[in-house]
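Got some structures for you, see below.
In what follows, chain A forms one complex with chain B and a second complex with chain C.
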Partner chain A sequence: MTATFPAPQVPSAGTTAALKVEDLSLAYIVRGIPRPVLRGVSFEIAPGEAYGLVGESGCGKSTTAYAAVRYLPRNGRITGGRILIDGADITKMGSDEVRQFRAKHASMVYQDPGGALNPSTRIGTQVIEAYTVLGQSQDEAQKNALAALDRVNIADPIRVFNRYPHQLSGGMQQRVVIAMALASDPQLLVLDEPTTGLDATVEASVLDLVRTLRNETNAAVLLIAHNLGVIRSLCDRVGVMYAGKIVEEGNAVEVFERPQFPYTVGLLRSLPRHGVRKSQRALATIPGTLPQIGTDLPTCVYVDRCPLADELCRTVVPPVVDVGVGHWTRCHHYDRIGDIPEPDSGVGQVATEGAEVLALSNVSKTFHQSGHSVPALVKVDLTLNDGETLGLVGESGSGKSTLAKTILGIEGPDTGSSILLDRDELEPTAAGRPVKAKRSIQIVFQNPDSALNRGWSVRQILGRSVRKLTGLKGKAADDRVDKLAHDLRLTQRHLDLKPGQLSGGLKQRVAIARAFAGDPRIVVADEPTSALDVSVQAAILNVLSELQAESKTGYLLISHDLGVVRYLADRIAVMYLGRIMEVGDSETVFRGPNHPYTEALLSAVPSVDGEPAARIRLEGEIPSPANPPSGCVFHTRCHRFMQGICEVTEPPLIEVEPGHQMKCHIPLEELRRLQTKAKVEDIVLTTPPEALEAAVAEGIEPG
Partner chain B sequence: MARFFVRRLALSLVTLWLLATIVFVIANVLPTDIGRTILGPFASQQTVDALNERLGTNDPILVQYARSMRNLVTLDFGDSFQSGAPVMPTLLAAMGRSAQLAALALLLTIPISIVAGVYAARRRDRPSDRAIVLFGVTSSSIPEFVTATFLVVVVGVGLGWLPVLANPPPGAGLITTVKYLLMPATAMAVVYFGYIARMARAGTIEVLQSDYVRTATMKGLSTNQVIRRHVLRNSLVPTVAVIGVQIGYLFGGIIGVEKIFNYNGMGQLMLFAAQRKDIPMLTAGAVVIGIVYMVATLIADLIIAWMNPRVRLDEGR
Partner chain C sequence: MAVSVTNAPGPAPAAATPASERAQARRETLKLLLRRPGFVVGIVILTFWVICAVLAMLEVPYTPWDPFDGYDLTIDNPAPPSSEHLMGTDRLGRDVFSRVLYGARDVFTVAPPAALIGVVLGALLGLVMGFYRGITDDVLSRIVEAFLALPVIMVALLTLVVLGSSSVVVIGVVGILFTPIVARTVRSAVLAERQLDYVTAARLRGESGPFIMVREILPNIAGPIVVELTVRFGYAIFTVATLSFLGVGLQPPSPDWGLSVSQEYSNMISGVWWPTVFPALAIATTVVAVNLIADGLQSVLSE
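Let's turn to the complex of A and B:
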């Protein structure tokens, strides 16, 4: 497999498209009134081609995907157009035909593989069923089902057969779902956010698998993903959707590199791309909001938010304009795309030489579960300076959240741990800390929906935090609330609304305002933007960096999105099995040479800018912290494993160059040589067999 | 699974001990002179004292507690204060009658209400669903004694189809017994229909919206296959839990129905014992009903564990 992209396969008139959507209109019936969601969507996918639909929540991309397999919500009605699969119109099919069509011609893989499997039925039974429905005998189906699990790289199909879904990891569950989807050798495979919610390393292996299988099956793939990197890494062509219409379509690489519709431009510029940092420029945001579902649309769907809009756009429906081979846009002014103003420059270099505000030394946290000790944090040493952002990265189960909870005092660390806030020792749990310490360390959660009290107005939520944390009363407290609202660009009108009446981005602003109520010294941001659309994410990241420049608050940023981490973080700490494997300046860590684990993480992330040169695939799953591997804890999955050292002694965390610490036996210069070589040669590195053998020898089961 | 069962059983025994202790405390908190209550205001103080002595109500509290614990272990609660006869045979006879009635009521209501609930879920928001929901809400908000009275007046007296008293003649066969019990059982079943049907409907609607039902549908299974293979086992878990709790409640006797049909079940027996401060009878009744509750919920939990591997497999860790 190579990192280059297959030539675009533009279906020509001669070939029958595997999926052809023609002028599809669809409405949801709300209280008897049809609300249009899709307004004339047309596209086609050739056999063996992968087509991606991108756009923000509410643009209709998922509805399109579900319509393509006739799985619509109870109130969904197709109001016009056709959906042809291999020439047959599925909008006209009766229920028996639809069932046959689903059994034989179309399959789907979704987000949250855990939910996609029946929790009370063994895996084997579920996979076998995908074959018996095709009319196979039980024996035949079982044979095929085992082969299918083998095909999706499940090492021990017989064992997995007897498992229940909750006994498998997310990555394994998704493999099982994919195995079932491929049972019928479908003409159309719809993937709806197939890797969202999975770790980057698992995501990479699932994407690898889909790529391999695509080549084998010749199925047409329709991929829905909010992550443009995933789209780019998998798709030949993309369609950009806005307000129920496709506004631009073309070769994936070309659309991402040379967008020809103002919305696509906005979407791409709102991403932290090409290693951009907060000090260089603010991220572009798209002003305004998506038109409400069901409203009458103007001539150009994007006119209300478009920086190029003029009288022509308001009066004449823009035609479809060809701007390259198979690349078209629905814009009057595609030739003026270059005129769209770039966002402001950044907030300037944030001083990282501020005073040390937080110092963790020897922080450990051991959980005790039914007689077992589970070390979740092992001797963590970290510092955070005034006005500095420390990014915390690592797979699920690496201890990032436990570390955040320990700092916040939600979990008390083991004895012997020390957490200093402004050089004062902190009590282990929040209950024992004075108000001053509590107001100094605050958190912004991933999901603002569940973090804010739904019954209160924004003013009440912020007012309470201000009074509790600062002791201000009456007018002074109200002024503080107004100031917070102003800082977060919330209007007086927003203050009187309840969280349920706000959009996701506004809710997250409220959550940030709440955290800032008491002038905190440190804010822990736990995946602050991963529930948000990219343009909203950009606005939140901008706000966070502005606030920091003003208040000199230290951020502890937890995120699985390395683009976000790179944009916001001044320093980065990489965690694995509760240990810090590497810590250093953001640029140093991203540029490398770095710890093999970091190297693997960085190469796993599908980027909208294209694939990284060397591809490193971590095998197996993160070992159980209850039974960590001997020596270097990463040795069981390390592609640079050295037998005789790595599984014997644990390397110390040492400074390998100024401001850059690493926990690895391989000297920095050797790593530099190896990693440069890997980049040049574009090789796929996987765990050497010796490492797996060593792991087995000490009783750890590799994946 | 074995480990799950043992843990669950141990928990039940602890609960039973707690129940017996609470009943003991309540019985001893009552500031009543038991001998006086039994013998009435005109008996001489001497006779009352002698009776109290014989009943052991003058003994130190710990001795009495030890005795009640021994009773719990041996399941022998001594003689009734009222009749002087051992309580257990009387109690078990009444329990047997209540159990017959409850079993018939459950037999009538469970299959119908589950089928109706699942059907309503499949036809969600259509007229048939609305009708089932409406009937369920109505039926469970009419108290059983109202339904019972209505049945007595219309079916019993008016039409004369069924006997208006529920006690079957001695030595009655199954058919005759059912005939006698049918009206009171129907009165109870009507109340539970709405309850169980709505539970089954809600559980099924939730599962029908789940991702794995989507997976099953996308495999190309028919709706009936999806319901049978992927829905029922998951959607009926809450229903089973509710039924488990309700069994204990029904076996404890539904006093209103028993009164109307003059049926000698647990309800009447306990009411009688409470009115006359028959502490041994009350204690025994509470413990026996408690045991029925335990067994019913234990069976329900085992069924749930069988239905849901998460419960079964995680509990054993």
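Let's turn to the complex of A and C:
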């Protein structure tokens, strides 16, 4: 902990801040009563600086972002403070004035690019409009619009010009939105969850783009993201928000490595970081929930959940304490941060692995759409053992969900496929399977709001599953429901509530309890925590591994969050275009050498622990499964493509070392050499000419 | 409106019990409804007519079917509104006020069951079409569309002429004619609902189609169905009045509003406006009131 950190970029007194928020208070009027959402938020961003706001949903970070450009819902009222963009106070402006000011000085990029573009207007028209609004002539605007698309790395601007938004991928749409946002050459660019919902590989390229553009334009960036890795990879400074107040602020690296506020500590510890695994320790959780909007919080906003809270915290407003250059915290007890106990350290739960419970061989699934056949799964061979977690990763469209659906029997596989459960052949669809098979394979869905019937009470939801799957009746069934609730730490009171009355974490617990109603052998967990905040995610991951340790259930875990996969999974399977490209023990896969596709995936993910050594950019998008590339299906995007082999023959999935299968023409030792070389290159600043050439050919960014 | 509960495992706070929380949720909905002036006005008007219908059965100033005592058809013209006859009398010397009050009874015995039949049948049909999709949906949808292409009044006219007109037949015919419209609304609600994962979860534990439709999906589309019921009620009032006006609905000497308008409107030219205008106003206010209620329900329940 004695590492030196890069000097923080504190806005110097001489220049005017691009955005300066002073003691901003804001309330939403709900049924006539003002409910405070922001309680005196102050921060400033220098020109060319990137500032990140982090915090869990409901903490006020998005409200701050919208308030920064004074774009508020009708019931939002600024009740105090000032917002200065480039020195001009926008809280004092009339609504017309604000609109004109925004047009020239500030732009915003929202989470959903599909929603930000007009679906019935061609891209070109929309981008040109962004320039004509500024008073440019049609010709001038068109020239600038083409240049703008070129600037956001769109390869063929003229072709994109004539397209409609739905004809572009999510990543392309977001590039177009960013191009439009930059039209006015704004001093301030507000990005609200710009990469949420995009694949890791696409996310990486959008983040690269924002980084480059920031250097080119010297615009200040305010970034809102729930993903701390995204914040760390892009931001110079970061503010941690809790209940409408910034509780800690400082250099991003320093805050993430040496947090000085108990909430920040809790938030960071609840993430699976530094490659921690379930066998090493349980994840820390933050007890309690965010106070409801409008709650009166006279002293420290975090006092009710803080492990350090004492009488002083309840009676005296904590001062702003400097704990480093430009790093401050609002805590009475910042000197006792190290005393916060690490819960459950060393007692992580592990299941001992048992016999093979599920075996897939030659499983294919072809969809038929208007005369075309679309192979979504191609000859998948996979096994899952008792008490084992198999992590399934890959970009969207790689067939992960189809594979899960096929195992569950939601989609019947093609003839010739074989799925064995405990060595017994399974019927293709769930409807045809006996109750025993049904209770043995269950699922936890991504979104608990959709997965639980909102019209039923929790008791009804669990009771129905218990009765249907176990055949228990009356008292025995009720007892089983009580036991499930107890295992998932749901109280009797929760049982009588409807899902709408529960928080997201509790809803997901109910969904897990339902999956465990009939003592399943296998549970498919489809992105089980991606709809949840990180502290809640930690609790759910802990519960999943505890249940597994007790019941020896095998998990098929689908997740795009490699931290989650690494924490929970014992083995990992990587999918691309419906094929398994690599399977291996979790540690083997994370250590490498990897299939080039896995290598690219692993390097794309922004981590809260800092950037991976080498960044590999995947070119283009995942091809259509209806028309897969010849030979190795990954050859069109592969940075280790070998002319004459890869596009001709499809490599088989072979065991390259014990417990590690790969589908690649390049021998393992060659991959090992190439991949260690890439890492070394990045550390050695003077790149040898031949390596540079290779790096350019392979699409690696040197340095 | 949702009451969020603490995420921390542990003893439940002693505060509200779930039952009272649900009652509170209902109260909240009611409070939201009562905040809408349109809804309140609708309720007031409708309540007024319901009270009229009930009172009319107990007591009216004059017998609705007979001329008042002492009326001489050969001498007396229809009497204009006065303190004796609040809405005047019609060309047969009957007290318009009494007839309007009594007519409310007909409205509330014919329109609600007709609307109910339409909504129940339509909801069932819509559930089946939306849930099973595929060929079932294709076939039923084409039939529904064929029905929708026929003008309601024309079909009703023909059927009533063939079957003869009685309250029961009117209720049945109007109900069945509303079925396809309701079915389409319910179908689209079901289509949205069946995409949700809880339907897949139900399938994976082996629930039958009818169970999923009726026990899982139906409660969650109650909102749109209630709104549809209210809207159809409004239309039913209007349709029944129209049929009576055309002479195939309720028959004289019934004090039905539509019938009264049809029998008296020719006298408007000679300045005898009251026997026409008052029943017409009664129809208009009831329909407007019901639609105001439907609007209120729609915006509150869809939140």
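What we mean here is this: the second predicted complex is superposed on the first by the 664 of 703 C-alpha atoms of A that agree within 3 Å, B and C clash if a C-alpha of one lies under 4 Å from a C-alpha of the other, contacts with A are read in each partner's own complex, and residues count from 1 in each chain.
Just so it is clear, a contact is a pair of C-beta atoms (placed from the backbone, for glycine too) under 8 Å apart; a residue touches a chain by one contact, two chains touch by 3 or more.
Treat the numbers as computed from the prediction; the structure is a model and nothing was measured.
Engineer: Look at A:Gly409 in the shared chain and tell me whether it touches chain B only, chain C only, both, or neither; answer first, second, both or neither.
Structural biologist: After superposing on A, A:Gly409 lies in contact with chain C but is clear of chain B.
Engineer: Applying the touch criterion given at the start, work out whether A:Val177 contacts chain B, chain C, both or neither, answering first, second, both or neither.
Structural biologist: So A:Val177 only meets chain B here.
Engineer: By residue count, is chain A touched more by chain B or by chain C?
Structural biologist: Between chain B and chain C, the winner on chain A residue contacts is C.
Engineer: Is A:Leu188 touching anything from chain B or chain C once the two structures are fitted on A? First, second, both or neither.
Structural biologist: neither
Engineer: On the A-aligned overlay, A:Arg489 touches which partner chain: chain B = first, chain C = second, or both, or neither?
Structural biologist: second
Engineer: Looking at A:Leu568 after the superposition, I want to know if it touches chain B, chain C, both of them or none. Which is it: first, second, both, neither?
Structural biologist: A:Leu568: touches no partner chain.
Engineer: May I ask you to decide whether A:Val536 touches chain B, chain C, both, or neither, giving the answer as first, second, both or neither?
Structural biologist: Only chain C is touched by A:Val536; chain B is not.
Engineer: Okay, in this complex, where on chain C does chain A touch?
Structural biologist: 2-12, 17-19, 21-22, 196-198, 200-207, 216, 219-220, 222
Engineer: Applying the document's contact rule, which stretches of chain A touch chain C when the two form their complex?
Structural biologist: 287-289, 292, 408-410, 430-431, 435, 438-439, 441-443, 445, 447, 450-457, 464-465, 468-469, 489-494, 496-498, 500-503, 505-506, 514, 517-518, 536, 539
Engineer: Residue numbers of chain A touching chain B in their complex, please.
Structural biologist: Going by the criterion above, the answer is residues 69, 71, 74, 99-104, 106-108, 110, 112, 115-121, 129-130, 133-134, 164, 166-167, 177, 180, 183-184, 370.
Engineer: In the complex, go through chain B and note every residue touching chain A.
Structural biologist: 124-125, 210-212, 214-222, 229-230, 233-234, 307-310, 313, 317
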